[in-house]
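Note that the chains are named A, B, C and D in the order they appear, and that numbering of residues resets to 1 at the start of each chain.
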Amino acid sequence: MSNSGRVEAFSDGVFAIAITLLILEIRVPEETGHKLTEALAHQWPSYLAYIVSFLVIGVMWVNHHALFGHLAKVDRTLVFLNLLLLMVVAALPWPTALLAEHLRNTDDARIAGVIYSGLMVVHALIYGGIWWYVTRRRQLLNPRVDVEAARATRIRFNLGVLVYPATVGLALVSPWAMLTVHGLLAVYYAFNHLAIPGSEQAKPEGAS
Amino acid sequence: MSNSGRVEAFSDGVFAIAITLLILEIRVPEETGHKLTEALAHQWPSYLAYIVSFLVIGVMWVNHHALFGHLAKVDRTLVFLNLLLLMVVAALPWPTALLAEHLRNTDDARIAGVIYSGLMVVHALIYGGIWWYVTRRRQLLNPRVDVEAARATRIRFNLGVLVYPATVGLALVSPWAMLTVHGLLAVYYAFNHLAIPGSEQAKPEGAS
Amino acid sequence: MSNSGRVEAFSDGVFAIAITLLILEIRVPEETGHKLTEALAHQWPSYLAYIVSFLVIGVMWVNHHALFGHLAKVDRTLVFLNLLLLMVVAALPWPTALLAEHLRNTDDARIAGVIYSGLMVVHALIYGGIWWYVTRRRQLLNPRVDVEAARATRIRFNLGVLVYPATVGLALVSPWAMLTVHGLLAVYYAFNHLAIPGSEQAKPEGAS
Amino acid sequence: MSNSGRVEAFSDGVFAIAITLLILEIRVPEETGHKLTEALAHQWPSYLAYIVSFLVIGVMWVNHHALFGHLAKVDRTLVFLNLLLLMVVAALPWPTALLAEHLRNTDDARIAGVIYSGLMVVHALIYGGIWWYVTRRRQLLNPRVDVEAARATRIRFNLGVLVYPATVGLALVSPWAMLTVHGLLAVYYAFNHLAIPGSEQAKPEGAS
């Protein structure tokens, strides 16, 4: 394993567990006199929240993978920043369940939506911070990576940091719309991520 | 790690977690005045559902492993399709618990059975879609794989896609029979999977 | 990764998850008028069951690791047998919680104890079956392993299969004693496992 | 994989799962007449406990990683000692939830705090024991490691073992202060860990 290998493996573990724990938040209606179909239909926000959060965490993993693919090694600061990132990722099943539980009540849904989008903002800030840090400490980067071009991408990252706060505002208007936007952003980022110059030439197939 | 290595490791993580979370759905009868043996006997559908779903997810993992064994690299589309596949795999503890909870009530068991089999259909469709995609994009395949022969297997895959919808119909007739059929299908697929030409010659022992 | 590598990695995942899920079965006493110390003291069987089951699963993992260390490759039958073994391993948090819940009530504790020891018997039988299978199919074994000597160990394995049923009987006499014996057996097996000839010479330090 | 590779992978799995299970202990307030903001504000100790325990387990993982980075191989005793260490790590979600549940009630918070800090003491003792053991059995260490210098670090380890018991005393005075100190200790250890001579020269970047 490379120097960054065990950090990646640990991160992969946290991503895989967080994404799989999402299902625990969907309730199994108990055997009662009520019709099962009604009970299942009633909890539709849980299914929607599951799908969106699964895509969101999945795409976070893809991008984490892409970022670490540009690194040659890790230092203590990066390990610590990565730990903060994982703290947010591992927390996501909670706002997902919160939103699913309260999506039918408009007032509470707004609060849950602000928390959900708020955690996305925190994630984006830490992710941006990690990228900023590794492009500053060039010895952490894979020698193949064009450092100047990589640094130039910082601005685009900062733009990304502006998009997420907008979803916090959207949550106040419509928690529904917010959840839909997060789902669409995940699909978008799944196919259009930040091409980091120097590595893409080496992997022309777009291999992740 | 190879290009596809980290996608495989992440997928393995999701499979391993989903299969191990199944046990959380079996209740531990509380310390009450009732006899423990009766309480344990009452929840027999949970044990049956655990065994069948464990085999089903286990065999899904074996086949996922076999499919990725034929790949040389992955691209963004494949990563996304694989994420959709994992979304279904990670969801399976839920229909398992749903079926276990309602298997004693015939009407509700039918609904739970349709959902259970329905997710298997979705899984089969995405799996078939991944196979179709990687045989179309031959640069993703391992050079050892005979592409024409691999493409010819698509029809057999489509036949598989026809078998699963039949279990949805079977769930309406008998949720029991449906669950038994899924268990038998898992054992069958464990020993008879799609031999993909070109690789088998290289691994004559049937090594997976 | 070697041919058996991904099976080992998947198995490791299931072992690690099952062992870590054990803690979820220990309740957190709620904030009530009662004294916390009393509530915590009342659930002492949970702590005992946690410790014993953690050691048991941990030592099962060590032995699984040792067995797969003697293999050069895996075939479909072995993958399927290993899946059955993992089905038992993944199930262990359930009898652990069952025993913890009912250890204070003698009658129910006997039933829970029989189930706990019964699963250990099933585990020993499948593990013995795997060893029997791989010593029969010598092409699966690492060429360094002395096949005749390895086959000779089968009898000792069968003796092991005799010890576990005795703990089922012990559970009927004293569920306590049974749990203690399982803990002691785990410590014993942690330090004294089956030396499989041919490999030990290659690893004189007793490296696992 | 190296001889110690599979032990590391298994340990990583347990660390990753334990750290990700922490979120399950934070409750999702149900849809009731009460205001959601109040219910969320009421459970602030859960958020604090989540953050501190996440950092604590994360830094335990970093140090575990550093320790195993100095090993060339593992023996049975080390595997067993490591299993005891993991038993404590995997248990941490429980005292975390216990502390979160009772932090608002001063008397119960003291008891929960003593248990929380007590497990940290046990962790430090086992970790120190492992370090003592591997520096005594020099054949387990990577040949690059300066054994005499490594042995000299034992005293510093023993000092660490003195710090943790102090937090048990602090829990009796103020469970709050104790939790804060554990958070600060985690941040401190994240950036200042025991440099083990011989390896650091080989990795001048402070790569972990």
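Annotations for the structure displayed:
Simple rule for what comes next: contacts are C-beta pairs under 8 Å (C-beta built on N, C-alpha and C of every residue); 3 or more make two chains touch, one makes a residue touch a chain.
The model shown is predicted, which means the values in this text are computed figures rather than measured ones.
Relative to chain D, the most remote chain by averaged C-alpha coordinates is B.
Because chain A and chain D carry the same sequence, their contact can be compared by residue number, and under half of the numbers here are used by both. Chain centres here are Cα averages; for chain B and chain D they lie 36 Å apart.
For the pair chain B and chain C, the distance between C-alpha centroids works out to 26 Å.
Residue positions of chain C touching 2 or more other chains, listed in rising order: 9, 13, 17, 21, 24. Viewed as a contact network, the protein chains form a single closed ring in which every chain touches exactly two others. Touching chain pairs in this entry, ordered by label, are A-B, A-D, B-C, C-D. Residues 5, 8-9, 12-13, 15-17, 19-24, 26, 28-31, 35-37, 40, 50-51, 54-55, 58-59, 61-62, 65, 187, 190-191, 193, 203, 205-208 of chain C touch chain D in their complex. Contact residues on chain D toward chain C in their complex (touch as defined above): 1, 3, 6-7, 9-10, 13-14, 17-18, 21, 24-25, 73-77, 79-80, 83, 86-87, 90-91, 93-94, 97-98, 101-102, 104-105, 107-108, 111-112, 115, 139-140.
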